[in-house]
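We just call them A, B, C and D in the order they show up, numbering each chain from 1.
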């Protein structure tokens, strides 16, 4: 879009603090903008307002005690983070969870992914000035939270997974509710498309805005839907299938040029693919125990390290655990996707308008506490 | 011709959008006017912990072993127990939790060897003081029994 | 001599009574509209909206008003204090004037001026000045950006607004509201001038800074735009002015395109004219709210593009066609 | 896989066979581990850059005898993650990767503030997540309570 304007005159520059308290920075993020009129000459995201020291905490807690922390790193997809941490420790120690537990985890993780995307959808539209889709999404999302509440007992920070299983078995009501939810979500697409996707104002606000192409993504380590919108079919669930993802038939949606509209489309399509995974997992759900009984509360992995990457709602996430043989990790590093996704803003925001900055910031879907850790 | 087509298509899309919200205007409301209507908590709901009363003994089964105290990630729990006489096991006399620091992970409930911990379904826990979160569960149990 | 005195006396009386009525009506109307907006928004979003104070929350806005009066009036450090204080007054004053010429009913016009329509547009432009003053005086970059946007937007949208109104004026040969309305006794102008009506309504939305054209106060970009720094009743005045402004543009739309106090096609169905007028006006207000809770916000340059590339050519064309038809048919 | 093999071939030429350790069954989540002396880090990362790898993660490990910086490089192909490990003394310096990867700008700032590793050639070494005036190195084992402070060979030996 920027090419369409005349070359901005570099004089009377002034700086504007977008945040830390601002309606659309999604948490305590501050973007230091240098503006020329309404054009952004330079953008410098300032982060760290929500730094809680999760990595240091990880070194001071046993592996199991770190579990509640993981769902607080990214509170919107807490279950995905639980899941990933669980898999990382299981890989480190060699615990094999029973089949049923694997399926339960996948179903719940995908539900969590949908809820995270729905929330993104709502807040993104709110950034663009449409308030109503936000409430519609929350109506749908509430359904997921109710479903997950039934099994995990919590609505946001689940800590549902345990090494070698999950805390609670799912029942028939859960299965029924999940199927009903998938059906309901599919019937909602038409409304969403009529209200948002086809809307001419929305299309104009997002098309060709904030293009993150392949090259930029490579330089900044952008992953997740933002990378897939640029046309790279890179999804850890397909590339390095963990858990039982290799048994399901699903596609990785990709975009074409990586603008905000592509990112929007990719996320919407991803929700549909998650629905497919959930349906297949429910069909294949085996009977059996939901938790391995012999796992001690204080797991003691052998000396060594593991780097386990998985796909959270925002992109490629990884736990890097180093064990010295004690019940406490020697080092516990979390690779968070929003870190790279946000960093590329320094480049993407250049030569855009303030209004576009908000649109781009919303479209890359960051969770600030995840960056700050 | 693109100019006119854009106007027509764009205008149509706006009308479509208004139809969606217009229909919603007459749909039933989905929110709950909270203090007037309350929802049931789910069976798995994780509130703060409380001591379970076993009908056989008429009291809790806490033996003050301290497993929950050690497993708690945030150091929320403090248990104290006494031995009635030299041969008998310990019985908890004080079981203090600081709910304000609890992250509701449920590790204490899972680790309890006598299964005497359970989640309460209470959810209106706001209080004017930070010490309102500090509760002695043994005392609480006795109050609820009487 | 005496006759002239009583005459002016009668005029004065009419004016004073009218002004008092206008003051009361505009306040009540604004409070009601705020409530209506929240209710409409609520039900569009599948929730209740205000429910607690009064039946269905009807008294909520009054309570909110009292709260606003009780709040501290904060003046930011290094703000231009005089202008900062004047701006809310400046924004509220001109919105009262148009009520003098609005035709609520056949006999319910306080002053039926022969330049009534012009008066309204002259004063509605005035509010831009107030916004500029308020935004500039705040010493806040968000407010300044909002003020700049507001001015540019108003300049761009005044033109198609007036052009679309001109085509109606051409048909009636008058700026007088009573004549404009009387000309629509048989058929409303919306059927004769649909393009002008649509353009007028779009521009009116932009004039009143309503979504999807609410870029001066775009809350997700500029926090609250030009009134970011205002608190208490100063903010309240901006707020009331916005809603009163909405009423005015909708009332003008009603009298220009929807037949004012007339029923459809000359059937009044025994309902008094003022009811017809208010019903139509509130319907238009409802549509404005419907817009706001449906659409995303347009971007600043798109807004300008839309005005200069679509609305202005279209309204020019419409005016030209009207003129030609009137001349040759 | 092609990109990975290409990198492995070139790194063998550059560093010799001993520096590379394969992990065929991907048990640690990386396919190859490359031990690199600090001086030749820019060339090694340059090889990765040319093969289309991105800097996925970068972190430090604090041992009694040394610090270790671990770079995880990945590309958009299955099972091609590689770890680059650089040893660095506690008050030492590591060449910066900012010229090659823009993402290193922030990740190096993070490692700098948490471990106190200076990156030579980094344009802007301010704290990123910590307050601007902080001088602590929180992830070093000398900060706060720690459970163990070990030598490197106790874990990897």
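In this section, contacts are C-beta pairs under 8 Å (C-beta built on N, C-alpha and C of every residue); 3 or more make two chains touch, one makes a residue touch a chain.
For clarity, every value in this text was computed on a predicted model and none was experimentally measured.
Enquirer: Determine which two chains are connected by the greatest number of contacting C-beta pairs.
Expert: Answer by contact count: the chains A-D.
Enquirer: Measuring between Cα centroids, what's the chain most distant from chain D?
Expert: Farthest by centroid: C.
Enquirer: Per-chain Cα mean versus the mean over all protein Cα atoms: which chain has them closest together?
Expert: Located nearest the centre of all protein C-alpha atoms is chain A.
Enquirer: Which integer distance in Å separates the CA centroid of chain A from that of chain D?
Expert: Whole-Å distance between the two chain centres: 25.
Enquirer: Once you find the CA centre of chain C and the CA centre of chain D, what distance in Å lies between them?
Expert: Distance between chain centres: 63 Å.
Enquirer: Between chain B and chain D, tell me the centre distance in angstrom, where each centre is the average of that chain's C-alpha atoms.
Expert: 42
Enquirer: Can you list the residues of chain A that touch 2 or more other chains?
Expert: Touching at least two other chains: 132, 136, 139, 195-196, 199, 201.
Enquirer: So which stretches of chain B touch two or more other chains?
Expert: Chain B, residues with two or more chain partners: 14, 17, 20-21, 24, 30.
Enquirer: Which residues of chain C are in contact with two or more other chains?
Expert: 44-47, 293-295, in rising order.
Enquirer: Chain pairs that touch, all of them, please.
Expert: A-B, A-C, A-D, B-C
Enquirer: State the interface residues of chain B toward chain C in the complex, per the touch definition above.
Expert: 7, 14, 17-18, 20-22, 24-31, 33
Enquirer: What residues of chain C sit close enough to touch chain B in their complex?
Expert: For chain C paired with chain B, touching residues are 40, 42-48, 51, 290-291, 293-295, 310.
Enquirer: Residues of chain A touching chain D in their complex?
Expert: 47-48, 51, 53, 55-56, 59-60, 91, 217-221, 232, 234, 239-240, 303-309, 316, 318, 320, 322-324, 326, 328, 330-331, 333, 335, 339-340, 343-344, 347, 372-373
Enquirer: Would you tell me which residues of chain C are touching chain A in their complex?
Expert: It comes out as residues 41, 44-47, 141-142, 145, 211-212, 214-215, 218-223, 293-302.
Enquirer: In the complex, go through chain A and note every residue touching chain C.
Expert: Where chain A meets chain C, its residues are 5, 14, 16, 22-24, 38, 125-132, 135-136, 139, 195-196, 199, 201-202, 204-205, 353-356, 358.
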